[in-house]
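Right, one structure below, let's go through it.
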């Protein structure tokens, strides 16, 4: 990099290092929309969320059933691998711990899948222990389709590509299966605090 | 921003593809591995606002290509294209 | 940059002196990359507005409200500043005067830029190819290159320009006053029997709609070339 564009500053961003901002990230005030394809359109009376794979009996909830589950509102910082971070974002949804309650499995891994074909993989450890939610509200409002509505996964301790938009279920597995981005250069785990962006990081 | 506004076409990645293939690629013809549709790269659907570039068939929306640019390297998945045809440079 | 020409309140053309520029084709674009002093970079593509015959390169940029690159190019860059670009890029969305069939150009907003390069190329090369431009803008103030287009259209040189304004029209406006639709396209476009070559450029939804109308009119889809900008080019 040799050339500097005189006077160019780019979008307002803070490079102030702070204990809340992982290495290489900058804080933004807007909420960028990233998308790998067309926004899926789904009718809520056909929507279901399921858990299947290495368990005795798959579980499935309809929209009504899902909303009857105990939900909570959490405030979290989120970090996108494209280097923006957004602090204090508020989400309402069902904890993945709640969804996995009563499920007996020896699986250590999971693939999360969405409408439109997107997948991401996670260790079960990263989905449990009060670390992950299936969220249907952002900032007190029903989740907008461009941000993953009706429902998205929220796993704020990992890079935000793991927080799959338009999520429809979790498949429990014995072996890790790299998802959409993990199979194409992005790190299998994606911990922003260890700057695990790409293969080999 | 709605889905239509997030989507552009292969003209937008002309520069990126020239970095990778070292040739002008927007006139290259892609054959979709899912539906068989043939389209010049200039006409396929491209999603740029993502952790990588996702190129989709304008007919069936299946992924044709994924391109990720990391520090000093690219990862490219071309499995969504059965075939890519382009003119040899003189 | 050697000159900045304001085209409309939000749109300006940057005239650039590019050492070792090897020329370009009408319809191609350049990728402009900006680097802040902390290393942060942003990159956007801009269509070349100048004809291949012009001695200097021109790009035309619309300044977007929440843009990151466009407010810098149209607002901060001064004469004498350097801008990093690569190009020319593109081979699909290109028109050359050797292509002698009637030419139909359909533009939505700043989508007119690469089509203007084609019109300027046609004039500079002294071509007699018949050309028609259908150009959709929001208001009269948003029409880019209006004086030049009106001059070319009235010069008896076989170029017709049809404007449509979708949001507001001045009094005594004689052009169309609505979004492009089937009737408008039927009135303006070359009949399919002439085997015309069509270029459609603008925001994605505009292009998909206009291209669809041309297909409905019987145009060969292989003779309709499209370039879709995102709605927020940046």
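Which chain is which? They are A, B and C, in the order written, and residues in each are numbered from 1.
Rule of thumb we're sticking to: a residue touches a chain if its C-beta (ideal position, glycine included) is under 8 Å from a C-beta of that chain, and two chains touch if they have at least 3 such contacts.
Everything quoted here is computed from the prediction, not taken from an experiment.
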{"item": "Label of the chain whose CA centroid is most distant from the centroid of chain C", "value": "A"}
{"item": "Chain whose averaged C-alpha position falls nearest the assembly-wide average", "value": "B"}
{"item": "Winner on C-beta contact pairs when A-B is weighed against A-C", "value": "A-B"}
{"item": "CA centroid of chain A to CA centroid of chain B, Å", "value": "26"}
{"item": "Whole-Å gap between the CA centroids of chain A and chain C", "value": "39"}
{"item": "Per-residue overlap in chain B, given as positions that touch at least 2 other chains", "value": "1, 6-7, 49"}
{"item": "Two or more partner chains touched - positions in chain A", "value": "none"}
{"item": "Complex contact set, residues of chain B against chain A", "value": "1-3, 6-7, 45, 47, 49-52, 54, 56, 61-63, 66, 68, 70-71, 73-75, 77"}
{"item": "Of all residues in chain A, those that touch chain C in their complex", "value": "1, 3-11, 13, 15, 26, 30"}
{"item": "Complex interface listing, chain A residues touching chain B", "value": "32-39, 80-82, 117, 146, 161, 180-181, 183-186, 197-199"}
{"item": "Of chain B, residues touching chain C in the complex", "value": "1, 4-12, 14-15, 18, 24-27, 40-43, 48-49"}
{"item": "Interface residues, chain C side, partner chain A - complex", "value": "34-42, 66, 68, 72, 76-77, 81-84"}
